[in-house]
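You will see chain A twice below: alongside chain B first, and alongside chain C after that.
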Partner chain A sequence: MSVLRRIPWALVVVAAALLVPLAGSRFYTFVATEGAILALFAVSLNLLLGYTGLVSFGHAAYFGIGAYTTGLLMKQAGVPFVLAFPAAGVLAAVGALVFGFFCVRLTTIYFAMLTLAFAQIVWAICFKWNAVTGGEQGTPDIPYPDLGWMARLPIAGDLGTSDHFYLLTVVLVAGCLWVLRRIVGSPFGRILTTIRENPERAEFIGVNVRRWQLLAFVIAGAFAGLAGGLFGIFSSGVFPDFAYWPKSSEVLIMTILGGIGYFYGPAVGAVVLLVLNQQVTSHTEYWPLILGTILIVLLFAFPGGIVGALDAAVRRARFRRA
Partner chain B sequence: MLEVRELRRAFGGFQAVAGVTLRVSRGQVAAIIGPNGAGKTTFFNLITGHLRPDAGVVFLDGRDITGLPPHEVCRRGMGRSFQRTNIFPNLTVFQNVQAALISHRRRGLDLFSRVDGLYRDETEALLVSLGLVDRAGETSRFLSHGAQKQLELGIALASQPRLLLLDEPTAGMSASETRETIMLISRIARDRALTLLFTEHDMEVVFSIAEKITVLHQGRVIADGTPHEVRNDADVRRVYLGERR
Partner chain C sequence: MPDASFLFAQVLSGLTAAMFLFLIAAGLSLIFGVLGVLNFAHGSFYMLGAYLAFQFVQWFGHDPASFWWAVVAAAAGIAVLGGFVERFLLRHLYGKDALYQLLFTYALVLVLSDAAKLLWGTQQLSVSRPAALAGSFSLFGAVFPYYSLFIVLLGPAIALAFWLVLTRTQAGRLIRAGALDREMLGALGVNVSGLYTGVFVLGSFLAGLSGALTTPVRAIVPGMDVEIIVEAFIVVVIGGLGSFWGTFLGALIYGQVLSFGILMFPRFSIFSVFALMAVVLILRPWGLLGRPTAT
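And then the complex of A and B:
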């Protein structure tokens, strides 16, 4: 067991992910790109859900803001990706700051409803502001970033544009996850967990609970925005759906499916849900029915999510051996 | 140290605290007693900012803290434990106390240091003084009720308060746990030169450690003085101590 523990699993997964294009299947690369982006989206939500104890029903708002920011900057203004990508994080953070200012004044279900309300406002703006967002039709033909330099690299040079974008996505997502991981393992992260555990007590160790909740909300929004920025390019277009409530519920399901008690749980949930969706819809049209069944089983049998169930199994095995 | 003047708070038409004036001097161990519903917990919540008073003022060390939010009151040097045990249940014993230290030292906005070993020595020293150091790695919700109360005391002490408010520190404890906790509290209060204000049901506890006792009844102070004076007060004997015997 101790040998397994010493392996830097995060690096192994990143390395393995970088090898996916070598399989030579455009479909695998396609699914892997989406999986990586949604993994970041779900982990960003879990900063609120799993660490701060805040249930957001409107996390897609920041994903949408990020997608439109990067997409429109690159397509309409010709801004290069190196600027358009961070801009997604910045604008999403600003949005989260403004909306979050009001949301953290409420608690539990009222907080959740207000996040949903703000997300619907973002969606409505995307949907109606034809001159800028393209309205209902969205804005198609978001260009890929210029990754010509990758063609000069060994091995990667032989791959196509979408493969290059995938490699970039893996590196950026890994970087974002590393930063998020540092944040939850910091003194700031520890204060967030005290708020999740007991806001009243947190207040009386001197924590201004609303201020920390707002900061968590802004950080989560920023990373959701970065995920959105990548997603718009991946979809080669930005659409109002990105900010619509089903997107918020989808990421919530991914997060809970993977396990909110674990840093990488939501990432696992995102990939599993995506792959399941792909597989099941190729066999039957009843995907929502199957998804519902999975959720019911999960909530009753494995409340810790997939990673929670695996963790419990490993512990049991170790206990039996000892 | 603490001065409260004419504090009032009503819920609907019910006057829970109806003009309480109270003074606790530095280093004093003071108790508030009174039958259930006398307004003790409401009084505490008014002092600590969990409730806003309708009228009256609260001074801590000569500074007006009336109506400040709890986290500000805590920062000004007041610690508190709650009647219903109030800890961080899914954190370890170590993490519970460490979190309070992080907040007190204003490191809560540090996003990039590693938290694991932060303030290890200070946290462990505090746990030693509470007798909890052997259980530092345990998830705190698995502790016994008595140990959780002690942990809560540790969380409060980590903020290095000058005034410590304890709302029924021995509620729900067995006789031996009560004795242990009382000895612990009085030792810590002495060692740290703390000013202590506490409420308590157990009269034996109150009369064994309090230097000053205030008796609340229906939201008002009906007696205030040394244990000896209070014990012999005719009103107190009638409305409170008498009822209990």
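And then the complex of A and C:
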């Protein structure tokens, strides 16, 4: 057991992810790219859901803002990816700051409703502002970033453009997750946990609850924006659906499915749900029916999510041996 | 400036929409007020009410009264479905985080929308207007169908009946007490779990009823569940979650904002109602007629 625990699993997963294009299947690379991006999206939501105890029903707003920012900058203004990608995070953070300022004043169900209302406003703007966003049809043909330098690398050189973008995505997502991991492990992260456990007591010991909640909201929004920026390029187009409420509920389900009590839980949930979606939709069009059933089983039987259930099973096994 | 009769027609159409919304939002607000559960599946019950009404009209044949029997049967069917959902599923999530209840009702939305597609297909269905209310009349130059008049009168009638039940009867007293303090009510020897089932059944009945009643004026299509639940949410949030007259007021405001929003900013009508909701939440988070929650 102790040997297993000494292995840096996060690095192993990243290394394994980097090897996916060598399998030579474009489909695998395609799914893996989406999985990596959605994993970041879900983990960013969990900063609110699992760590701060805020239920956001409008996290797709920041995903959408990020996607439109990067996409439009790269396509319409010809801004290079190096600038357009961080811009997604910055603009999403600004959006989260403005909306979050109002949201953190409310609690529980009202907080959830206001995040939803703001997300719908973002969606309505994307949907209707034809001149800039392309309206209902979205903006297609977002170019891939110029990754010519990768072609000169030894092994990666033989791969195609989408593989190059995948490698870039893995590195960026891993970097973002590392930063998020540091954030939740920092004193700031502990304050968020304190707020989740008992806001009144946090207030008593001198924590400015609203301000820290707002900061968490902004950070979560920024990383959702970065995920969105990658997603727009991945789907080679940005569409109003990115900010629509089913996207918000989808990422919520991913987070719960993986387990909100674990840092990497939502990432696992994102990948599992994505793979499941690919498998099910190739057989039947009734994906929502399956998704709903999974969700009901999950809520009643495994409220801790996949990682929670695995964790409990491992604990049980260890207890029996001792 | 459009002429007066046109404006009047616009007000009336807003009023009709408001009454439909009130019928559905009243159930949503009631369930939230007593059970503390925000029921996403309320819109699905509304949709199933519409589909059931269609089905019953098919079965009962086309004699003049068949529509009304179909409406009653559909509403009753949805009430039974609501009872099952509360008794066998939702009940087990009461002690848990509100998030789990929300996600459960959301899961129901997914399952029920596909169930409706499996049973009735994806094509648009419709029910013809009952013969007694088929015509229309004109008022100040605006043409107004009798059926809309019926809805505009039915809304306040149900609101009034509801209010009388809530304030004047023993059952209403228990419902209000349940909304205030469920533990105290249980300690006083009231069967709270039965009360919860009753309230959920009543709320579902209202959803089914409004779904069935819309069939003559709106097409029955997949997706109507989500469309209506978003609107109903806005209505109860504007009026105040759990507040009865707040829901009524919210529905009236929503109907007019939508009706005139389309007129003034045709491209931003969705935007106008969400903006309205955001403004209300910022200024009065507990809604126009709701009570601030103790924090």
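Note that the second predicted complex is superposed on the first by the 322 of 322 C-alpha atoms of A that agree within 3 Å, B and C clash if a C-alpha of one lies under 4 Å from a C-alpha of the other, contacts with A are read in each partner's own complex, and residues count from 1 in each chain.
Going forward, a contact is a pair of C-beta atoms (placed from the backbone, for glycine too) under 8 Å apart; a residue touches a chain by one contact, two chains touch by 3 or more.
The model shown is predicted, which means the values in this text are computed figures rather than measured ones.
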Should chain B and chain C be called a clash or a fit once both complexes are overlaid on chain A? fit
Between chain B (first) and chain C (second), which does A:300 come into contact with in this model arrangement: first, second, both, or neither? second
Under the stated touch criterion, which partner chain does A:310 make contact with: chain B (first), chain C (second), both, or neither? neither
Return first, second, both or neither, reflecting whether A:193 touches chain B, chain C, both chains, or no partner chain. first
With the two structures laid over each other on chain A, which partner does A:128 touch: chain B (first), chain C (second), both, or neither? second
Chain B versus chain C as contact partner of A:292, first or second or both or neither: second
Touching A:109, do we find chain B (first), chain C (second), both, or neither? second
Superposition-derived comparison: chain B or chain C, residues of chain A touched: C
Just the number, please: smallest Cα separation between chain B and chain C in the overlaid arrangement, in Å. 9
Under the contact rule defined above, give the chain A residues that sit at the interface with chain B and also at the interface with chain C. none
Spell out the part of chain A that touches chain B in their complex, as residue ranges. 182-183, 185-191, 193-194, 197-198, 200-209, 212, 215
If you look only at chain A, which of its residues touch chain C in the complex? 49, 55, 102, 105-110, 112-114, 116-118, 120-121, 124-125, 127-128, 245, 249, 252-253, 256, 286, 288-289, 291-293, 295-296, 299-300, 303
Chain C residues touching chain A in their complex are 38, 89, 92-93, 96, 98-100, 102-104, 106-111, 113-115, 117-118, 230, 233-234, 237, 241, 267-268, 270-271, 274-275, 277-278, 281-282, 285-286, 293, 295
Touching chain A in the complex, chain B uses residues 48, 50, 69-71, 74-75, 79-80, 82, 86-91, 95, 98-100, 102-104, 107-116, 118, 155-156, 158-159
